[in-house]
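After this come two complexes, each holding subunit A, first together with subunit B and then together with subunit C.
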Partner chain A sequence: MEIKKVDEGKFVVPIGPQHPALKEPGHFEFTVDGEIVMDAKVRLGFVHRGIEKMAEQRTYTRDLYLMERVCGICSHVHGTAFTLGVEKLAGVTAPPRAQAIRVIIAELERIHSHLLWLGVAAHEGGFDTLFMYSWRDRETVMDLLELLSGNRVHYSANVLGGVKFDINPVQTDQIRRGVDYLEERTQFYQKVVTTDNTFLGRTRGVGYMSREQAELQGAVGPTARASGVTRDVRVDAPYSFYPQTPVQIVLDDGGDLTARFIVRIKELFEAYRLVRLLLDNLPEGELATRMPRRIPAGEVISRVEAPRGELMYFIRSNGTDMPERVKIRTPSLCNWGTITSTAVGLKLADMPMLLAGIDPCFSCNDRMIRVRRAGEPGVMTWDQIKAGKGGWSV
Partner chain B sequence: MTIGTFFGELVKSLFKRPATERYPYDRKPTPERLRGKLHYDPEKCSGCQMCIRDCPSQAIELVTIDKENKRFVMIYHMNRCTFCDQCVQSCRFNCLDLSSEEWELASLQEEPLTIYYGRDEDVQFLLENQAEPGTEAHPCEE
Partner chain C sequence: MSAAQAWLTLLVFPGGFFLLATGLLYEFIDRKLVARYQNRVGPRWFQPLADVVKLLAKEEIIPTGVEKTLFIGLPIVGLAGALTAALYVPIAGLPPAFSFRGDLIVTLYLLSLMTLCLGLSGANTVNRFSIIGATRTLTQLFSYEAPFLLALLGPALSADSWQIGQINDYAINNLWMIVTQPIGFLVALVGLMGKLELPPFDAPEAETEIVSGALTEYSGRGLALFRLGKDVELVIGLTLISALYLGGLANPLEFLLKTLCVLLVMAGLQSLFARLRIDQTVGLWWRIGALLALLQLLAITIGKVLL
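== the complex of A and B ==
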């Protein structure tokens, strides 16, 4: 192993890929001067699973379940992005009731994801009481998802051309009750993260990112919205049932960790409002339409707003029942750049909080592995990428 | 600015029962739509194999004993099943169903997780005629 030479008085603190404080494998190198971080480097690719290549050897129906397994937390949005893309290629539109159910599940999933994040972020900040309480309340929404779909994690609500299950009036009442309870609890958590002195000490002014910086770094989702960037696929390019139920974008100009907490908590209230609105105005009709097995040749880009930000799917069909290429870009990947720039000048102890602030999902974003040999340039030309000669695999 | 926003919550929790559940002593009723073990009704099956084509984890196999008389045996590999419900959706004859009661399915061995569905005589016929690995000598060794 090569020993890196750093300037006099500076140290490189390597963290990961296997580390008791990180639940997923990622490697970080922080150059510190005393306790202050001078430089940060992120290395990813430890959980590359070859999902995109695997998708090329499976039919569209089987791919749907593979895509749901890209992420365990936002499994439904992955399925939705893939389904919407394939439906667009086939020229099929799911019935309105199916679209509305998709959005209800997506918003319940957002509630689940944000509550989970609130717990993880509090835990990284050393506030384990908040972690335990928010995770206890997350059980409410997990139970609701189990009530609707039968599964707590991979709900598998989508089929190509619609959804699998309906929502009956008894379930509607149960969802309303659950959402009421969660709204009350979220109000308490909002009070905690905005007023508790010990908590604010860890978040206020930490990891500040200006609006220009966020736009330059290509931040997405709540991370970008906490810096005042108006970026939300549900608002910019509404899909599924969002055109009928417009989303009010949640923004904050703070740019620091406190703002990221506030944005996500306010998004919870927005999600509660949307779930109630959709339950009141659930359109009648079929749950699924007929879908052809062979999808006409063509290319499509499908974008959805995952709990962490914009999720993009590119699907190319060659007219058979298997896709020729599926490319996934997850929101975590877009947000990594903000870590390396905002870490400089902060204390080493702030790093776990800063990392948790973007809600990273390591397994989601490992799409490509490139083995770089000594002396090889770090930049690939477009022709090399096209020819697949960059020494990379998808 | 306050300190100890959780004190009220902590005092309240002193008088509440623990949030954890005493499983397996106390069991919560399962939701109606819970997806558990797959069940197969050989009487309704036409042998179209759409379920097998759509299964994302290749958890089911269908052995045709006699196509004319619609005698099939389904081999269900529960250890591979992801309980996604796609086979039930793909079946046009409603012969598949995921149980909402049978969900404690863990096993350390593979054998209890391989299930044969079909008429008793068909399953018997299949098991008797199955090639048994290791019982016959390798052709090259003769």
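== the complex of A and C ==
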């Protein structure tokens, strides 16, 4: 085998698709001069699964389970976004108790997602002790979700028109105890990430993004809020039970990695408060209403706040029991631009933490783009996709 | 020393077999302690040995673009350097097998040989992770080496000898030097961690950035030898620090207790901090480490003149 001579003077460090820093496949090319990053490129699409196309060939009920599998970490919020959209199309509103349970699960999921992120980000920075500690405590919230739904990961709380399970007083007590414990632990983590000198050495001033930049790049979620952008769907356009339990938006003006840590940790406290508030004011009533099998024709956009930021669903119905089109835009996709613009000038050692800083979720943002040439048909069948034909690229 | 005795010294004790076994045992203790500090279960006692056996049984892949002789030879030279260094230190609390004036410097040189081999082996391949790892390994070598040497010279100056055996005797008969030279002890301890590329000084092999650093292309035998070399270095480093700073090593029991105490502290330090970037490591050593070690030397010199 001949070794190909690469462009002299350019030293490109490839990270991925297989790399110990990545838990999911993605590809990054960092051009470095010594340790300084001169250029960054992102290439995605390794885990495209054709979910949107799949959705067109299944009924709404089956689609709900499919949407929960877009992301393994925030499965509930995907289900919620889809359910809310379909309910809006059908002109059905879920009962208040169902709405409240949806929000409780959503906030528990946010807690689990943020604790998971804290561990991953610490691991990328070589702080494995914090990684192990935060993942140990994350077990508490996983157990609570299992207690409610029977599952640790895909809780599958939603059905079209309501929720599947109730929360009884015994479970309420257990959730309260779990949340109390987690709040105490989170206070400790807040102290660690804001006072530990070696940790601050790796995060303070790293990956700074101004408010203007964040708005220009279209950043969403905690990444945007850490740059002082007031963007939170739960506040801007409250859905489900959020109008009755207003969320206090968590902002930080730091714009660097430290700010992203602080924002996520403060959001944990906000989530604890919301869970307690909802448990205290859980409305009585039914868990689900009747839902028509065929959904009236129409189009809807459903927006929710996933742990990583704004999640958008576009659903078009043609009056049958299967959607004509489902388009998903996940928050990770919106935040990639911030990586390539902030990476330049940083050290190579900062890259894993910078990547982790936006809490990327690869498999949920991989979508297919098809470049149509003149005269080609615009519609692909599911069989064509499965066969890998049709000149498409991901 | 008869031929049979010499062979015994080289192959069984303190060189060779004994050292490798102790190295694996200490690696296990280190991994277990760090795991317990991090609230994990940690490995079973034979895990390091199992790792080595497994690696030795695996195919060794020699990648394209490397100088073959160097690729095979460097792990052997590195391990040999570490094993040779053991002959001059009071392993297991017994007097060193060989001794001459100035063997402290030779020991330190032999220990650095290992790091040098590591750096060269990374630079030998065309893998980009290896090359960055090699650069970082050598950068780190240049940053911790001087303060580490200065920190070990403190006890040598006090004992008026550069012979490890004699410093050990002096340490046994006098007040522990951790009390008289606390700064030197700290610099030596942290220096050893830098030498062994333990967290937080593991930038040269930061897995989330550069996979496995200089050793990325190594598999099978070469990797096993480098890992054994590091284990041996750990034992020698612990022995040196205990002999010089913790009142010397008079018998095997003292050796065990004192080295394990140092290991306990080292494991704690490993789990306390986030990884330092290579520029932070260099900054720490030259701005703080070297300065502190020099201050310590100055204090010793003034003390000697006055008393």
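In the analysis below, the second predicted complex is superposed on the first by the 358 of 394 C-alpha atoms of A that agree within 3 Å, B and C clash if a C-alpha of one lies under 4 Å from a C-alpha of the other, contacts with A are read in each partner's own complex, and residues count from 1 in each chain.
The rule is short, and it goes like this: a residue touches a chain if its C-beta (ideal position, glycine included) is under 8 Å from a C-beta of that chain, and two chains touch if they have at least 3 such contacts.
None of the values given here were measured: they were computed from a predicted structure.
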Subject >> First (subunit B), second (subunit C), both or neither touched by A:Gly150 >> reply: first
Original post:
Of the two partner chains, subunit B (first) and subunit C (second), which one does A:Thr59 touch, if any: first, second, both, or neither?
Top reply: first
Subject >> Partner chain(s) touched by A:Thr198 [first = subunit B, second = subunit C, both, neither] >> reply: both
Original post:
Of the two partner chains, subunit B (first) and subunit C (second), which one does A:Gly319 touch, if any: first, second, both, or neither?
Top reply: neither
**OP:** Would you sort A:Pro243 into first (subunit B), second (subunit C), both or neither based on which partner it touches?
**Re:** neither
**OP:** Pick one for A:Pro352: touches subunit B only (first), subunit C only (second), both, or neither.
**Re:** second
Original post:
Does subunit B (first) or subunit C (second) touch A:Phe165, or do both, or does neither?
Top reply: first
Original post:
Who does A:Gly50 touch here: subunit B (first), subunit C (second), both, or neither?
Top reply: neither
Original post:
Between subunit B (first) and subunit C (second), which does A:Tyr133 come into contact with in this model arrangement: first, second, both, or neither?
Top reply: both
Original post:
Which subunit A residues lie in the overlap of the subunit B contact set and the subunit C contact set?
Top reply: 129-130, 133, 136, 196, 198
Subject >> Complex contacts: residues of subunit B adjacent to subunit A >> reply: 1-6, 9-10, 19, 31, 33-35, 53-57, 82-86, 89-90, 98, 100
Original post:
Which subunit A residues qualify as touching subunit B in the complex?
Top reply: 58-59, 61-62, 64-66, 129-130, 133, 136, 139, 146-151, 154, 156, 159, 164-165, 188, 191-192, 195-198, 200
Subject >> subunit A - residues contacting subunit C, complex >> reply: 1, 3, 11-14, 19-21, 32, 34-35, 122-130, 132-133, 136, 196, 198-199, 201-202, 347-352
Subject >> Residue ranges of subunit C touching subunit A (in the complex, touch as defined) >> reply: 37-40, 64-65, 126, 128-129, 132, 135, 199-200, 202-203, 206-211, 271-280
